[in-house]
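Down below is the structure, laid out as structure tokens.
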Amino acid sequence: MKFAIQINEGPYTHEASDSAYMFTKAVIEGGHEVTRVFFYHDGVNNGTRLTTPPQDDRHVVNRWAELAKENDLDLVLCVAAAQRRGIADADESKRNGKDADNIQEGFRISGLGQLIEAGIQADRLVVFGD
Amino acid sequence: MKFAIQINEGPYTHEASDSAYMFTKAVIEGGHEVTRVFFYHDGVNNGTRLTTPPQDDRHVVNRWAELAKENDLDLVLCVAAAQRRGIADADESKRNGKDADNIQEGFRISGLGQLIEAGIQADRLVVFGD
Amino acid sequence: MSEGTTKQFLYVNRKAPHGTVYALESLEVVLIGAAFEQDVRLAFLDDGVFQLMKGQDTTGIGTKNFAPTYKALGDYDVNKIYVEKESLDERGLTEDDLMPLTYEDEDDDWAEKSSIKIVSRAEMADLIDSSDVMFNF
Amino acid sequence: MSEGTTKQFLYVNRKAPHGTVYALESLEVVLIGAAFEQDVRLAFLDDGVFQLMKGQDTTGIGTKNFAPTYKALGDYDVNKIYVEKESLDERGLTEDDLMPLTYEDEDDDWAEKSSIKIVSRAEMADLIDSSDVMFNF
Amino acid sequence: MAILHTVNKSPFDKNSLERAIGCAKDGSAVLLIEDGVYGALKGASSSSMVEDAMKTVKVYALSEDVSARGVNERVMDGIELVDYAGFVKLAADHSQVQSWL
Amino acid sequence: MAILHTVNKSPFDKNSLERAIGCAKDGSAVLLIEDGVYGALKGASSSSMVEDAMKTVKVYALSEDVSARGVNERVMDGIELVDYAGFVKLAADHSQVQSWL
């Protein structure tokens, strides 16, 4: 069965990103397919490579990136949400005249159409947020 | 009278940062002193220079930076919260082995002691958040 | 379900406008989603009913006033708008407090009709139950 | 108030643990704040009372279990911990469901005493009213 | 001087207003801001709780947030609208500010 | 197939559980996750609402979140604990997932 996952909150403040991660892992372990993980609203803050959590804490961003690499997941950050919140890849950074970018490898930035497409293509859309 | 302001939410998702900005402005216009604006939890996301909001929308980050410049405000991002959420200045970036930083000029990163100190020094501590 | 088929989309709007960005974002997705030619329905319940209040003016809080955009939904063929009666009642509101949202019915000589239908909580449950995809805001 | 004086600090804890980071952050501020030698009081009300539940085990959700840290508060001279009775009642809890938090009373030959005081909503209101600074979590 | 309690949540969604009122001693003030201004509505399920509170507590609502939500005409009698300058004045005139987030 | 409703908020803080139950038709399921697991407590002000719902709706709680909060012993009879694998199975076995955030 095809699952799409939507995440509305960034790392560490809400449990949403943790729950979504564990759910996504369980979907894969259950033999299902994850068609897309869509990071929306504050959820785009999961996609920055500049985080440095305490040594004894989980690394939410890296954990997503690793899960994506191992399972060829499509991690999409909503472009409009990312622009408002300062998450940029090299292209976005250049286009907006910024001197740096901060996206974590394994994530990509794209439009809201990707969420709608995910809703059409997947059998289940499961949302995690506040 | 001395006011300290605490902000718990980032820009654009919640009204908190907008309310805090307008309150801070009104405090200054009312002839009072703003001893510190402390950005805590997701509030640290107000301090990134990589945001590019739509042309017809307010620029929450720049607005804070300008208000601070005009009125010599102390805008402090909580260091532990900033590390977990990927907000870094040049020093933090170097110390944590990162290849970029994203702090907006006008903000500084410091510890939770700055919040406690603000609570002691100010006559009023006003919190905005979710 | 194969990609060629049409799905029943339901946008579930439960949050008040302005305090959080969700109402604005929901509108955005609805407008973008209109191009995907699915069967689109909008539900307003709980504090979501406040999104349709007449007379919203955001000048004082310095944010964009997106309320007028709801009136354009009819032009995007988004004309199935369900507002929960119990949510209105609890807030002391009636349909008269909401912006009139209309569309032109091409099957009825382009007559202008209301897009808003007031439904009971039970009907809202049916609406959710009969949808293929729920977008939650 | 001049800088040399001592203020009445009140940490207002109203959120459940684990669902959001606020409980953990509050503990952090309390521990750091202990060095500032103010008069510190902690209030637990609403879902904040859940922070003190016995037997929390976060292994399954992969986050740090900070519950044991509450037991160290006594060592930091943080021993005025007020828990609202109405909040416990509403949740079907009693003091027995909470972790025992104690301190050694230096004025009473280092006798071990409970730091927890169950208070009514009216007493909670008095507590807030008599504080110089409230830190909200 | 009594406390100024601020509430930024809708009373139909969260319990913040109820809690603020429960902890507001006689003579203190409650200021409704952001989505909290919905607590000022007349004829709503929350109205009687607010009316009761107004016997002992002064209730204000932030005009900028009231206008944004289009509910000016529905604010109950006795609730005073203040702007941000008024918010600052209330904060200064009370002993401390407690935010019921 | 009926809907799986998920609730991630404490019933003492927000109205999400009440709303999920109000929209859960006979035969559908409610899964309590994150702070939503507090809705599983027995002897609480929310308990009778949940007990009533359980006459027509199956109620589950996520064991990882229950353990994190130390409330295992207080979960009311009739509520089934599931782990993340069980959550996935519930999502697959129902027609769709509605998240009451």
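Each chain gets a letter, A, B, C, D, E and F, in the order it is written, and its residues are counted from 1.
The criterion applied here is as follows: a residue touches a chain if its C-beta (ideal position, glycine included) is under 8 Å from a C-beta of that chain, and two chains touch if they have at least 3 such contacts.
Predicted model, so just to flag it, every value in this text is computed and none were measured.
Fewest steps needed to get from chain B to chain D, stepping only to touching chains, is 1. The most distant chain from chain E is A, comparing centres defined as mean Cα coordinates.
Shared residue numbers account for over half of those found at the interface formed by chain A and chain B, and the copies are therefore classed as meeting with the same residues.
Two chains share more touching C-beta pairs than any other pair, namely A-B.
Chain centres were defined as the mean of their Cα atoms; on that basis the chain farthest from chain C turns out to be D. In terms of their C-alpha centroids, the spacing between chain D and chain F amounts to 29 Å. Each chain gets a centre from the mean of its Cα atoms; for chain A and chain D, those two points are 35 Å apart. With centres taken as mean Cα positions, chain B sits 25 Å from chain A.
Within chain E, residues 8, 12-13, 15, 34-35, 64-65, 83, 96-97, 99, 101 each touch two or more of the remaining chains. For chain C, the set of residues touching two or more other chains reads 18-21, 46, 61, 63, 133-134, 136.
Among all residues of chain B, those that touch two or more other chains are 12-13, 15, 19, 22, 41, 57, 80, 125, 127, 129-130. Here, these are the chain pairs in contact: A-B, A-C, A-D, A-F, B-C, B-D, B-E, C-E, C-F, D-E, D-F, E-F. Those residues of chain B that touch chain A in the complex are listed here as 10-13, 41-42, 45, 48-54, 57, 61, 80, 83-88, 92-93, 96, 98, 100-102, 130. Residue ranges on chain D touching chain A, taken from their complex, read 18-21, 61-64. Per the touch definition, chain F reaches chain E in the complex via residues 12-15. Listed in rising order, the residues of chain B touching chain E in the complex are 1, 3, 8, 15-16, 19, 22-23, 25-27, 29-30, 32, 124-130.
Chain F contributes residues 6, 8, 33-35, 64-65, 83-85, 87-89, 91-92, 96-97, 99, 101 to its touches with chain A in the complex.
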